[in-house]
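Report on the structure given below.
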Amino acid sequence: MTNSINNLELVKELVSKTTTILKEENIDVQQLAFEVNTCDIHHVLSVLKSAGWKQLSYLSAVDWPDENKFEVVYILFNWDKPVYVQIRTKIDRENPSIDSILPIFPGAKYYEREAHEFFGIAFPGNPDYEKQLILEGWDDIPPLRKDFDPSAYSDRKFPSREYPQDYSVTDEKNHSLEKRAERKARAERLRTGGKKQ
Amino acid sequence: MKEMKLFLGPQHPGMHGNASVHMFVDGDIIKRSYLLPGMLHRGFEKQMERKLWVNNISLIPRVCVPEPDINEMSFATAAEKILKLEVPERAHWIRMIILELARISAHLMAYGGLGGPTGNYTLMYHAHVDRNLILDIFEKITGARVYHQYIVIGGVRQDLPDGIEEDINVFIDDLERRLVEYRDLGIDNASIVKRIKDTIMLPEEVVWELGVTGIGMRSAVNKPYDVRKVVPYARYDQVEFEVPVSDYSDARARLDIKIKEIQQSIIIIRQCLAKMPEGPVRVKPDRGQSMRWTVPKGYAYAPIESSRGEFGYYMVSNGGTSPWRVGVRGASYPQGLLGIEKYLPGTRIDDAALWVDTMGICSPEIDR
Amino acid sequence: MLSTKFTPKNKMTKAEIDRKWWEVGDYFRRNSLWLLMYCTGCCAVELPPSMTSAYDMERLGMGPMATPRQADILLVSGYLSLKTLRRLIYTYEQMSEPKYVVALGSCPINGGIYHDSHAVINQLDQYIPVDVYVAGCMPNPESVLNGFVDLMEGIKQKTMNGWKRYHDHFEWYKENQKNSLGEVIVHDEFHQ
Amino acid sequence: MTIVNFLIGVGIALFGFVLQTSIGGINRKIVGRMQKRHGPRWYQEFIDIFKLLSKRAVSHGWIFDFGVIMALGGIIGTAMFMPLTNQILAFSNNGVNYDNFFIFVYLLAVGMLGMAMSASGSGNPWASIGVMRALTTMLAYEVPFLIVVLTIINLTNQSSLTGIMEYQQMAGNNWFIIAMPLGGIVGFISLMGMLGKKPFETYIAPAEIASGPMVEYGGKQLGMLFILHEISVFIEVSLFVHLFLGGATNIFEFLIKYFAVYTFANLISNVNGRFKIDQVVTFFYKWPLLMAVTQAVIVIYFGWVI
Amino acid sequence: MEEKKKYPKPSIFKPLRHLKYLFRKPVSHPLDTIFTEKNAEYLNKNNPFRKNKIKNSVPRTAPDNIRGFHVNDWEKCIGCGTCGEICPTAAIEMVPRHDLPRVAGELQQRPVIDYGRCCFCALCVDTCTTGSLSMTKEYVFADSNPDSFKLMPTETWQDQEVELGYQKTEVTDLLDLKRVEMEHIEPEERIKSYIEVVRGYSKEFAKQEAARCVECGVCTASCPVQMHIPQYIKAIWEDDIEGGLKQIYETNPLPGVCGRVCTHNCETSCAIAQRGEAIAIRWLKRYIIDSAPDEMYEKIFNEPVSEVIEAKVAIAGSGPASLSTAYYLRGLGYHVDVFEEKNRPGGVMSYGAPQYRIPDYAVEKDINFIKKIGVNIHTNTRVGTDITLEELEKKYDAVFLGTGFFAARKLNIPGSDHPDVMGAMDFLPITRDFARGAIKLDEINVKKSVVVVGGGDVAFDVARNCIRIQLEKYGKADVKLTSLETLDILPGSDDEYIEGKEEGIQFFLGNGPQEIVVKNGKIKGLRVWKCTRVFDEEGRFNPTFDSEQETLLEGEQVFFSVGQAPDYTFIPESLKDKVTIERGKVKANKDGQVEGLDWLFVGGDIFRGPDIITAVSDGHRAAVAIDDYLYTNAKKKEQSEYVKEIREAIRFNNPDLALKPTRKRTLN
């Protein structure tokens, strides 16, 4: 569609005029992604909103523990010039905080509450962001952070069933499976922990 | 007068799904209300990060129970966008058939759900009979009635079984013939029109304020704002269909659009069955066995038109065997949370259940 | 059917005549099981087909009921998040006796696909007694109906004693509930 | 008034209960048929009631328990006065039949009040809303209904049901539903309201207010409520049969008419949705009231009876 | 106003149209298609009026690909555990079943499924390596005991034969059954020189091939040295060459060689090979060695290995068994001297296998590392002549013999004493030296047309060498290969057959040589009879021939490649009667310790045979056995933690005897 390409150009021009773009990605013919500075977020969003991108499709965060950053993502959409625009920005992982976009998009209220609940990001400007929304009586670090291990939490709190049935037939003298397991464990210890996939 | 506290759900016949609407009422008028979500919270987004790309297909349909296929489709297209993977032609058409059948099933369920709040159980029974037939068709195609796990990254899991085209044709012909009966029992029924006319309004500015999409939006803004038209996925740009719209969004308009959309879905399915080419249905995203499939680094958002509106997965991959982050944009998120908080007050208690029903609120996709 | 260790005690009925009455009552109870559908999870979506025309549960005398007080069966349809479990325990304790619990799907048995989730419990019978489990994810309506007939048969054979077990081991159940939930009481804006 | 009369009265109440419960069960099958299914066994309603009685009760204080018993007593008392045909009647003395219409109106109110008291005693907000709605609905349908009945009483110059029955039977089976079609329609609509059938089911409304007044009942109390409900349906339907359908000369005629009325009401109920409470009130105060008044004017001032 | 146009007029009569359904048949499923027999019986008994209402009740027959409960065909299942690995709910647990026979390519375990977890996604079915696991049409199961939901799938469901539902198809298969193409040098090109036939994987292809592995580990049991195969394949996939190298060197000191010429029993028993092409384990190993730079080798032993035990071991021969023993003994902390008669160490690796399979640089890379850790290799020193065994016994605390089978065997048929009749083991070292340039072309006796007798890998080596030499010498090649075995039981590997065919070998399989026809002092050809059977009913080698079907394979020269023989001339008289030799092999205990001569150890061809990797395993076992023998009495220096660790590792990895896989031939 030629039309959508024009729209892409339009968005690019609009965003590049407004702010410095740290990174730009063409995801497909109707989707664009920009990484911008945190301080510019409000400006970019309001410019886009006034240009017709008035639907906030999604707001959330991504945890990058290696960089010690949270990435906050805003996805905007314009139904008349159909281009999805991802606006991303990285904020510090320690005491994360980013100003609420409620004045621009009132619909962001619950998205922000959820992001606070699951990542611990503060949204000053959103009156209710600290209230619990989905979790109840949560007593651990925000669960969507990468350093939270739900499996350990589950093991700690919810016992798993121990079935009485034993289908195994074992032979005292036969240790082949144990030996295998030991060897496997040993081999895995040898790994230098090279580049993880 | 003193405010009375009432709660609709979680265990309440008027509440679809496990969520609770807390209401503070004065007489019959709701003064303050909010949705208490989280009863269906399973930590989906966390779970997805912990599962392999291939394993995720068993998890994702569970995000939205009444219409599981949109999850599969959205997940698959998001991954395909990052992979830049070209799906076989036939798979696109099969996907469309599945998605449209799922849309019909979800619409029937929602329309039959009208029987709950208004008490017209016959409508509900009839709708569920037809929905059950769709589930039977799904079972034949995919091997399961509800959680199909059929649309996978790179196509569909297996080809359509022999003779299923005929089953689908028989069903949609029958359904089309009987859509008028659904109108008779529901939106053309005088006693029900009394309940749904000029009530539960959704003005255009509210749509933009909340970010409501789907039928809610189209019934208010009178424009065909349908993801299938605007950002076509699969082969929706190659089929002809109309997007029913309205400029006055009361409960009746939205239900009317639901029935019209069932009609359009039937038309789409017919075209799909006619245009579907032969050929392979699946490509593997990567060499190697499934547990070692990887998706390159990238970000993608894949919007899908669900029965309730724009549904999308925001996917981030860091090149590993599992997604790095999957965010789910539930279609009912705006109206379900902020909508109930801001616009349910002012209506009557009687309307609360109907409000939840006709706005298309699906609690599992809010909670995840 | 595997027997449970709590067989009905003669002490409770005191005399033969009471037991006879109880058996008569059992006939009525098992032929008129009213469900409390608590849509705790996904399996709830297969209940409309089983209750409506396609499978027509009413043929067995079963039907949905609106409130816990009126219902005989607490139908736990699928996984239970912590938030739900709190309310489920409330609901269960509100039901009038004799009451039965039927759990659908894998999740109440051993956590199902959510076994490692931070929000979903693994075993339902740690918190409330369960009478019949139906396997499947999700169970087809046929499975659900067969599960109910199993329950009826169990009532006839007096093996469905979950509610008595809850009395007898109340402390144990409460302790488990506290361990997993922190506290059973619901705290939110509404309940304050 | 002898013990025999009393026993006959109890017998009639019992008969009414059995009759309505069976017909209720059969109707569930019929409605099931309309919903493309088989429906429950015809005796399912009996099983339900006995099961409820066999369950353990949860009490919410003495008002709660007493209210139910009072309601049940009131309703049984009402049923005892109900004539089945123009011969079968519990309390009659030398041609004086104690089946005045107003007895039913007032005794029914006792039942309603008992239930309202008890439901409010449960402390559940849904119950209070339900009771409020029930009373509102009652106010709504009583007005047009009373106007029509008063018209009939005016026309027949008596308020005894047997008398009204005989009046219709005498004039060549000129039933009031035919004689006064508007009044008949109003009567039927009001009957739907009384029975709590859709579209006037607003005070039960499971999906809105979780069964309304019944929300806190379970076990024995609910069983009693069910009996109460069956008997009150019997009373209401019988009233309609006697007032508008010319009553019955023998028991079979009564059964047929009873069955027809109840089934018809039930079928209509099952293809319709329910109104909101304000719509119920405005509805009853609009068309039925207008029709009732018109009918009264026609009958009383013009004397036009077909 | 507008609204009236938009919607049909609501009506109170329209809904009444629905009353027509009163006269239609209900659509509900009849009860006898819902309930199981048992439950239907209960319902019949429970009904006070109609006692036999529900007859012959069976739940609705499900469609063909419904995902019901699992069944597992134990005949097919190999216990690989892939189902458990992929299971998104961790529902599948592998339980040990030691009642099953222990055979190669199979593990003694079977899956048990927890239906309190299972989500019926059928990924286990899709990924099952053998296709043994499938789902049934059974979907009804309820119980009041929560503990009864853990079931072991067998061929039946609840002891009933049931119809199968969802089964895997080619489309749903989640395994990658096709091997990543290894780049070959085209036959036309490669026969012109001794350039290595197989190019080796590039990083990208190696990763793709490694990604096919399901990490089940059925291969390890059939590997004589029990290498950490799944783990180093995973290391390749994760791009961790260093880790992979470490894992490989734990169990195999000759990976570069094994990565090229191993008999790869692992691939034969590979779980993927059940239905597809096995993982190219051998080439992946080679990839690690090829892509590991020399400095990475230093990381295998973080500290220089030092002699911590004051005991000396002599090793006769420098073939795989000897080098393996030397490596491990060195690792254990001994002083090791290796004596080799030829001027290059490596034995069969340097003088047996052809250059185009295993080039010198690869052998050298492996041997250099062994030298580097401190093994002394004395070349051109033949035990028995340059230094006697008695001397060794005196000078050293223990002696290991790994002298191998280096003498050629010939068939005793008429004409086999002709000078143009050669044994493979006489010929191959010459070709090897020729390839190195040590011998001139003219010095090699290869005629214009040759017949090679034998069907093993060595026969192919001879034939393919001949082709190369003929081409260089005469410009065209004419090589016939004949063997007793037909293609389906041909002992040579598939690769050899394919490549040989590509290079132009003419095959005359299934023939037994009867006579070498000699006319005028020149060989005219080989007369063969059709072989009717090779093995008798008891599986012993006992060929019979059909003399009716006779052929003459024309050729000027005949090569016999019918096995090799040992050379025990180095054993002095004093020991001759103490060493028992059975069928050409030295009798010793499991670890290679000769009975009666505690200081003497054997390994390799002269002990167990028949291939390089078994020799390596012999070496490892012998090293550990030597350690056992010497350690307690030897004087020890102080050992660092690290040395202790290495000693522990070597002793821990002491391989068990491998299970012999039965070969499934895919060629026809």
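Order as written gives the chain letters A, B, C, D and E; numbering starts at 1 within each chain.
Everything that follows uses one rule, which is that a contact is a pair of C-beta atoms (placed from the backbone, for glycine too) under 8 Å apart; a residue touches a chain by one contact, two chains touch by 3 or more.
Predicted, not measured: the structure shown is a model, and the values here were computed from it.
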item	value
Given subunit C and subunit E, the chains that contact each of them	A, B, D
Most central chain, Cα average position	B
Of D-E and A-E, pair with higher C-beta contact tally	A-E
Farthest-lying chain, centroid of Cα atoms versus that of subunit E	D
Centroid spacing, where centroids are CA-atom means, of subunit C and subunit D in whole angstrom	36
Geometric centre distance via CA averages, subunit E-subunit B, whole Å	51
Geometric centre distance via CA averages, subunit D-subunit B, whole Å	44
Centre-to-centre distance between subunit D and subunit A (centres being mean Cα positions), rounded to whole Å	61
Per-residue overlap in subunit B, given as positions that touch at least 2 other chains	5, 12-13, 38, 41, 43, 46-47, 50, 58-59, 122, 125-126, 129, 147, 185, 189, 191-192, 367
Residues of subunit E touching at least two other chains	12, 15, 18, 26-28, 88-89, 114, 116, 119-120, 146, 148, 237
Set of subunit A residues in contact with two or more other chains	135-136, 143, 148, 150-151, 161, 196-197
Pairs of chains, among all present, that meet the touch criterion	A-B, A-C, A-E, B-C, B-D, B-E, C-D, C-E, D-E
Residues on subunit C engaged by subunit A in the complex (per definition of touch)	82-83, 86, 109-111, 115-123, 126, 179-183, 186-188
Residue numbers on subunit C that touch subunit E, as the complex places them	1-2, 4, 30-31, 53-56, 59-60, 106, 109-113, 115-116, 123, 125, 130-137, 139-143, 145-147, 149-154, 156, 159-160
Of subunit E, residues touching subunit C in the complex	26-29, 31, 34-36, 39, 42-43, 46, 59-60, 69, 88-91, 114-120, 139-146, 148-149
Complex interface listing, subunit A residues touching subunit B	25, 27-28, 30-31, 33, 54-58, 60, 62-63, 73, 75, 77, 79, 82, 84, 86, 88, 105-107, 109-111, 118, 133-136, 143-144, 146, 148, 150-151, 196-197
Sites on subunit B touched by subunit C in the complex	5, 7, 10-13, 16-18, 22, 34, 36, 38-43, 46-47, 50, 58-59, 62, 65-66, 109, 112, 124-126, 128-129, 131-132, 135, 145-147, 364, 367
